[in-house]
Amino acid sequence: MFTPAFFTTALLYLGYILIFPGFLFCFVVGLLLCGIDRKAVARMQKRVGPPILQPFYDFFKLCGKETIVPAAASRTTFMLAPLVGLAALVVIQLFIPVFNFRVFRNLPEVADMIVILYLLLIPAVSVMLGGAATGSPYAGIGLSREMVTVLAVELPLVMVLLSVAKAVGNELGTGLVFSLSGVVDYQAAHGSLIGHVSMIPAALAMLLIIPGETGNHPFDAAEAETEICEGLLAEYSGAPLGIYKLSHAVKMLTLTSLFVALFLGGIGTGVEHLVAAIGLTGGVAAALSLILQVLILVLLCIVLTLVTISFVHAVTARLKIEQLFKYYWTVVTGLALISLVLAWYGF
Amino acid sequence: MDFPFVKEAISSLFQKSSCDMYPVKPSEAAPNYRGRIVFHPDKCINCMMCERVCSGNAITHTSEQTPEGERITRTFYLGSCTFCATCMDFCGHGAIEFTRDYHMIATKEEDLMVSGTFLKKPPVKKPKPAAPAAPKAEAKPAVAAGTVIKPRDDGKPVQVPSKCVYCTICAKKCPAGALTVDRAAKTWTLDEDSCVGCGTCAEACPKKAILMPGDEPVTVEAAAPAAPKAEAKPAPAAAPATIGREDGKPVQDPDKCVYCTICAKKCPAGALEVDRAAKTWKLDEDSCVACGTCESVCPKKAIVCGVQDAPAAPAPKAEEKPAAPAAAPVEAPKADEKPAEPLKPRDDGRPLQDPSKCVYCTICAKKCPVGALEVDRAAKTWKLDEDLCIGCGTCAASCPKQAILY
Amino acid sequence: MILMNYIAAFFLIVLGLYTIVTKYNLVKTVIGLSIMDYGVNLLIVSIGFNPGGTAPIFTFSELNPSSFFVDPIPQALTLTSIVIGACVTAMSLSLVMKIYEQYGTMDTREVRRLRG
Amino acid sequence: MSMLSYQHFPIYAIMLYFLGAFLIVLFGKNKIARHCLALLSVTGSLALLVSLVPRVMTGGEIITYWMGNRAYSGGYAIGIALEVDALSLFFALLVAVAVFVSGVYSIRYMEHDDNIPQYYTLFLMLAGGVMGLVLSGDLFNMFIMVEILTFAAVALTAFRNTARGALEAAFKYLVVGSIGSTCILAGTIMLYAQVHTLNFAQLSGLIPGHIHGATRVAFALLFVGFSTKAFLVPFHPLAADAHGAAPASVSVLISGVLTKSGIYGIIRLVYFLFQTMNLRPIQFMLVFVGSVSMFVCVTMALAQHDFKRLLAFHSISQIGYVLTAVGLSTALGISAGLYHAMNHTIFKGLLFLAAGAVLHETGTTDLDRLGGLSKRMPHTTVLFLIGAASISGIPPFNGFASKWLIYQAAYLRAVETGNIGYLLVTIIALVTSTLTLASFVKVSQSVFFGRLPDEFKDVKEVPFGMRLAMSLFAILCVLTGLLPELVTKVLTGPAAQAVLNPVRYIAAARGIEVPAETAALPQAVGAWSPINWLLLLGISLFAITLVALLGKYDRVSENASGEKIPAKYDLFFSGEKSVYSQVGGGDLFWGFKHNWRHYFSFMHDLHSGVVNDYALWAVVALALAIAFLQIVL
Amino acid sequence: MFKKLIEESTGKSPWLFHINAGSCNGCDIELVSVLTPRYDAERLGFKLSGTPRHADIVVVTGPVTQQSLNRVLRTIEQVPEPRCIVTMGSCPQSGNVFRGSYAIAGPLSKYVHVDVDVAGCTPKPEAVIDGLVKATEILREKRRAMK
């Protein structure tokens, strides 16, 4: 079975994992988003704010620093947790389709929406286990808050995904579409889902979920540097801390690109016709349309980050943990419920 | 759920940031900003006023004798300076100046030291009369009655000889030590260059015999002093061979006393009432602690504490008094069993009482910030509470008899 | 007449449940259990009754189409049920004894260390 | 029929257990004999059942075995029959695996206890009782087996009578358990009164025709009886007390096996005896009871302070999952339910064994006193983490595979019936899964991570025998998680088909061979291939670790000196010297508990711990069931 | 190449940890005002961090009282390796007006090697920014010196 075709596909998939939607893409675009977020927040406070590449400097500085393993920590979990968290996040990014481009075009699809919902749990659990392994009481408090945040965000996120599945299922007549590429294909044909009446509350709810899921400002009770000294990351220093900051940035990318795939799928898919209109054909056209789609995706992610994370960060103050929980389980869940009921009765 | 800053957040996105880009654009400090100190050594007269008033005691000076004069280097340690500029205000000669330079970053200690050295010429010998102890009569220039004495224009004090009683208080008070007053020779000499014109002597003078710029000129009256007070005083007893009381309490010598009330002010126990107008001097027996302060401060040496042999002449009385043992009245059981060799101060920084000198005046107990001392005057006991005491040394400083070794 | 059996059985079952629920004494609970069990036994036996049937004891020779027996299976079931009832009572009484030994009380309201 | 043909295997499986139990009574004193007998009987029956799999599961054959060779004659089944179809064999395999692993574990675990022979007798009796219940084809025989396993379970719960609350738990379990058994007995008798037969297959053939007042009461009685055995909602405090006090290897059996016997009884009752699953209200009843017990027990678990009571509440909530899935009555739903039942036995067994290991080493399972055991017991920690990850549904492990199938089935059911209630059930299922994750994060922080208290300084790893048992379960956890298609094809698919067409079951009893129509195996709507995902994760993890190691990831400085910890490696305590302060147990998840404080205080009062209250709930549940079924059926 | 990149970014993203060793809060307000829009130290990458573990530059204010002495030393010890210690205001350098008091444990330089002193009794924010920039240069050398 070691035919040359096998080797080329293996190389291709290795490229997918390491270069395009995988590690390198996440690394660059993730930290870029983080930089733009910090710059936007500063600009909104009339400050000049750090250079866009500041997260890169932070990451490489942390790589250079010494990693102190506290005596009370259990060493292997302490060192392994960040790596597993980042690996899981990068793998999630593989499943999110970039408009027409999908990593697993000719393979049976690996994961659908509910699976992605659960895959998002792994990075959260890895942070918690890492924090718990240090044994510091700050990490204990951070763990308790992080878990309540995950609990709070889970309910509305589930409802949003179910309502999208039902809405697309209604249109296609098959009742239910769980696969993400199915949703994007539908949007390619019928225009992005945000246009549907029933989908607007769901999109709004998803916008409110993104800062909560990534643990950004108003919902960062888990890593409140003023109250519990960076909570879970209290005892981390050096490279593991750098990897946690990197996975935080990549999570921003993953969630925004998930939002684009779910609700704005229709925007990028029209590019083929454009490229065809210019008259290019064959490989060049495919490459050009791919690059264009990636650019559109990154652009949309940047706009989304500005709206959902930076703006909310500049305008609000940090919520107490039980306010956060109540906010998510009443306001955001209400929105998601509206769209679920609307989708249910076939709007 | 209101979000107050939504409008500002959006609008400030498009405005210029309100940051004035410090490292790129240099920024100037406020006009009278008190930044780095600049010292002009030539102006400094080493009056040490700045050292005295500096709260952070950041100013130190070192002086070393050289043949052509005293070479003094004064250093301002910016690391300990609070930039309150009190020294600048006090420096009469404007030798200290605060610039607007606020860049005081240092990686080494020395960068923060601002210092300047100057040479202080020895005081030029004015053609002063040869024998200092010359009889006082002719040394004092005769001042004809009726002449008008005006204050000097260069800010220095001038003496009104008629009023002056040569009580030497002004000399003691002068911060710069510019005045030398010899009571015996009735001479009042001012050292021009070390006087800073601070006016302390004028204030301290009980007789208002010193004029400062701004006082009104005084005309010298004709009558000599000492006439009116003689008869109001009760007639003193004949001069006995030994004067003074056994229990160390003060006795007043009516004819010397000028009722200047200094002894009353100085008495720690408040046992003396002196009425200047009625010319009365009353001692409150039981609250008096026989500490001898009144005797030491009395400008006229009109008070004698403890038994002393009658002085042959008024002048020498001052010297031999300290020689006589002040502890005569106290019965001496404690004295003899005191170990022969002199007491050493304790090494753990706590005070040690020298029973021979102590008069149990309880000042140290009163002064102790943490109340670690109990002194019982009746039972003549002095007890120190080891763990309360913080070794601050206030008791030793406040003891009038220097009976506490620290 | 068979209706009386059913009413009695039902009454016994309800009585047993009543004692278990309302009585706060451990032994009374056990008594309630056994009453309920006997009620069910009565129910089982009375089900197998055929009016006019004889006891189902016969030898093959006596077996002829005209002989009419009471249904034997419920009786067998009752036997096992009685045995089980006895075992339940025995075990619960031994448990009650041990509980009294450890908790020092027979009142069910005190025996509630495990709760919440 | 020679003695060794496969026909006899079912009865051999049951008899091996009972034979082992009674032989141990005779030779129990000698340690080696005792262990050999126990292991022999356990492995023997497991081997027999596994050999049946190709024939019954894939082959679709139903084995009926008549006791005393009195076959079906004259329209009435006189003898007692054992009928093994795909469903029975599935549950039998489940039981055999759990008993095998628990047997291996208890050899080292019960070393310190006294009168061990009695323990093994009860252990094997319990195993035999459940095996008998699952394989028997006769309703009264099932009742007998239920009685045996209840006795054995009660005796085992009270085995360590010095343990806190063991006697009290046993007594409460006995009282409410025997109420349940009496209900089953009454139900059986009322059915017998209608159709005068006890054979299960024949009953299933006749009963659907005789649905009227008495049979409805019988249905209610049987349903309440079996749900008592499965510790569903009104009866769940029993489980919590029983598990809390019983030794760990017994808790594995109670939670892994006993609850499954209750579920098996309910499935037989609803799908075979009364064949009423096409009626909408019956499905609603099952799904309602399932989802209520799912949510109530998981919230109760969050509020627990004891490790084993927390695990006990979780096993009830997982049983709620299984019942909900079975209640959907679609092929996908039932196969997902059974798949989850199997997974539950495996990962719950693993977690209880881990709890046993902690108890064995530290002597306490109180979450507030434990902490930081991962430094002393690394293997147990890794095994516990695998169990915790699989129960809370973290992707590569088996919990996720079955839960994912359950969500698919529930949501498909919602779409088919257009009834929004099923949507609510799906959402409750998803939220419960996250709450399960929350409580296991709480356990891992309070027991394995955080600060090691001084009293447990000299705790060392558990003996190898116990770790072997735990790793057996862990391997099963990973395997069943990675191969969902294989498991559905071989195990749960055939069982689901067996449940959905009882006609073959009834005919087989008469010896008529009905050909198994090749109904398509239940197909999942979504896509999830765990092996590909694991491959991807492996590659990216390898890549990241490679880059990290290149970039001096190991620029690590350790604390070289022995006891005295220099300031640099001490925890950051805002400048102070770090003192022992463990954040764990009660003080976690304040945000969630604060928002739900009224709910939690109400729940706390409800579980009063008084026997009378539990009995009252049982009676109320019975009355409700009877009333509901009178209206509905 | 990688080593030079790390060294470059060590200078560009210094994170501060502020220790108040008994200061009168004059310098504390001034240090935080450095991060306000007008002076905005974040332009240069400065960021206040919650724990010493995340810090590169430790800023000490206040005359290091007896009570705070070993807490300050312990916190400084917990900062990972390429670190700088900056004393702000004249109190930590000499004890300022509190010098000689029984409650003061003396200047910080008696216990720890101080890298940069920012003099001034509440130095201006610009002076603080200068000091911190100087500290980043020292950080860069220390990083270059590391293995």
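Going by the order they are written in, the chains are A, B, C, D and E; count residues from 1 in each one.
The rule is simple: a contact is a pair of C-beta atoms (placed from the backbone, for glycine too) under 8 Å apart; a residue touches a chain by one contact, two chains touch by 3 or more.
Here the structure is a predicted model, which means the values were calculated and not measured.
Leaving out chain D only, with every other chain where it is, the touch network divides into A, B, E | C. Common neighbours of chain B and chain C under the contact definition above are absent.
Ranked by how close its C-alpha mean sits to the mean of all protein C-alpha atoms, the top chain is A. When every chain is reduced to the mean of its CA atoms, the largest separation from chain B belongs to C.
Chain pair with the larger contact count among D-E and C-D is C-D, by C-beta pairs in contact. Averaging Cα coordinates per chain places chain B and chain D 94 Å apart.
A separation of 77 Å divides the Cα centre of chain A from that of chain B. Here the CA centre of chain A is 36 Å from the CA centre of chain E. Across the assembly, chain E contributes residues 37, 40, 43, 51, 53, 78, 81 that each touch 2 or more other chains. Shared interface positions of chain D, i.e. residues touching 2 or more other chains, are given as 551, 557, 568, 570, 572, 574. Residue numbers of chain A whose C-beta contacts span two or more other chains: 42, 45-49, 63, 65-68, 138, 229, 234-235, 238. Working note: touching chain pairs come out as A-B, A-D, A-E, B-E, C-D, D-E. Listed in rising order, the residues of chain E touching chain D in the complex are 2, 19, 51-53, 68, 71-75, 77-78, 81. Per the touch definition, chain B reaches chain E in the complex via residues 17-23, 27, 29, 35, 55-58, 77-84, 102-107, 109, 112, 390-392. Against chain D, in their complex, chain C makes its touches with residues 13, 17, 20-24, 26, 29, 33, 36-37, 40, 43-44, 47, 71, 73-74, 77, 80-81, 84, 87-88, 91-92, 95-96, 98-99, 102-103, 108-109, 111-116.
Put simply, chain A touches chain E in their complex at residues 38, 42, 45-51, 54, 56-61, 63-68, 138, 224-226, 228-230, 233-238, 241.
Against chain B, in their complex, chain E makes its touches with residues 37-40, 43-44, 90, 93-97, 99, 102, 109, 115-121, 123-127, 129-131, 133-134, 138.
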